[in-house]
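Going in written order, the chains are labelled A, B, C and D, and every chain counts its residues from 1.
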Amino acid sequence: MPFETTVQVRFGDIDGAGIVFYPRYFEMLNSAMEDWFAGALGLDFHTMHMAEDRGIPVVDISASFSAPSVLGDILTVTIVPLTLGTSSCRVEARFSCNGQHRLTMQMTVVWMSLTERKAKPWPPELRERISAGLVEQTA
Amino acid sequence: MPFETTVQVRFGDIDGAGIVFYPRYFEMLNSAMEDWFAGALGLDFHTMHMAEDRGIPVVDISASFSAPSVLGDILTVTIVPLTLGTSSCRVEARFSCNGQHRLTMQMTVVWMSLTERKAKPWPPELRERISAGLVEQTA
Amino acid sequence: MPFETTVQVRFGDIDGAGIVFYPRYFEMLNSAMEDWFAGALGLDFHTMHMAEDRGIPVVDISASFSAPSVLGDILTVTIVPLTLGTSSCRVEARFSCNGQHRLTMQMTVVWMSLTERKAKPWPPELRERISAGLVEQTA
Amino acid sequence: MPFETTVQVRFGDIDGAGIVFYPRYFEMLNSAMEDWFAGALGLDFHTMHMAEDRGIPVVDISASFSAPSVLGDILTVTIVPLTLGTSSCRVEARFSCNGQHRLTMQMTVVWMSLTERKAKPWPPELRERISAGLVEQTA
């Protein structure tokens, strides 16, 4: 079952037209990725960045917007890993509200040493846990 | 008992020195005020702004920072109304983490008609509910 | 000659790893789009949104990151319209610093009535000015 | 003559009521402080944070809002140091637009070692340049 988390659309997310200013969705995505790592993969971002000197910079990302979101909406963000490379992972995030689809994002992140600024192979535990959620394996 | 809500320090809240970039605290405060209105005063921001054409602009605000917050901290935000005028309210918000005080904010908000851009008297239900939480009355 | 504008990487754009937090690039892009409309297409965002009841919501967007940006970098953003539909436009934005490529974004925006929330045909003046910058026509 | 810089109100700064969401003013202030340090005090934030391991965290801040700002406004931010301590400085920032006053902020910053997280005495060159702008000295 794919990982899900929720985020509430706040006053500060809304633009002059009364809908979510789209750059805010990328902040929400980043928070959802934090939740995914902490909740499903067993590694919180504080430990990752501070204790383990690792980060997951985004190499590329795309987003497709289907319907706008308004103030107060509780968005469900579903995170699904699509493919897993030696040090990269392609991830899909779908945002919905009360069953209505809002947007889909796909992105590639890389497991990286922060001090060396160099890609590193995923550690075995993370590899195993990400693999467990891969779409092809749940299919 | 004062109203409490929580907010998690996210990667996007952190500056290059590894601590919360202080303007983010004002966004957190605004979200906490949303929670206070929805949770304690019975009026969510969507209804307030869209259906009732009302807002609560900030007239003045001050913040005093005691200790920094880092990635992953779960901050408790305590909201206490201090004084209540005809159309204004002075509010204190205290941020803490695991019992350690982080910052205190005080601000004055005004109950305002959005289309008229004019202060209005608090409606009776809001007045009653804010009054119930006033510090002098709980003292 | 394609439209260019600049944006400075500020302290608030930087993450805990000392580089631009990527959601900030989408805010920078949005500001660059404002500059393009005001500077090259003759329509500032205030007039567009307030007086003309029009907006240009993003339907889809992709970004590909080549090199990180750090505090103080002055980024050059180059805006090139790629294709022009009846009410849509596909735009490419390239970010560079001192000649070094940083990222490329491509997005589709739609000319929309804000009150009707419906796509509208581009007005003739905008169509003409966007057309003048189309890559295929400059090729 | 006090230091002045400008900042443009962008689409992303505006809330659902069509005016600047007030937490954005603190981001604008921080950018104006960067400009003040680089332009009047001879020390850019990149050098300060990266090469010199120094920062200027905000200890306390207050803001008083007089009139709202809207999309497209070019705000003039005037920075005036009020008092200068061994390692602290009290600064006033006034925001205006076409001569109309919008808001005033006052804050205390501290010259701090980032790795030690400890206040340090202002270096002589900074002390001298800040002193040159002190209000009591220009009075």
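Here, a contact is a pair of C-beta atoms (placed from the backbone, for glycine too) under 8 Å apart; a residue touches a chain by one contact, two chains touch by 3 or more.
Owing to the predicted nature of the structure, the values given are computational and were not obtained by experimental measurement.
Farthest chain from chain B (centres taken as the mean of C-alpha atoms): C.
Look at the contact of chain A with chain D and you find the same residues on each copy: over half of the numbers used there are shared.
Chain centres here are Cα averages; for chain A and chain D they lie 34 Å apart. Separating the centre of chain A from that of chain B, both taken as means of CA atoms, is a distance of 29 Å.
Of all residues in chain D, those touching 2 or more other chains are 11-12, 16, 18, 21, 23, 27, 30, 49, 71, listed in ascending order.
Residue ranges on chain A touching chain C, taken from their complex, read 16-17, 19, 21-24, 26-27, 29-30, 49, 55, 57-65, 68, 114. Contact residues on chain A toward chain B in their complex (touch as defined above): 10-12, 18, 27, 30-31, 34, 44-46, 49-50, 70-72. If you check the complex, the residues on chain C that touch chain B are 11-12, 14-16, 18, 21, 23, 71.
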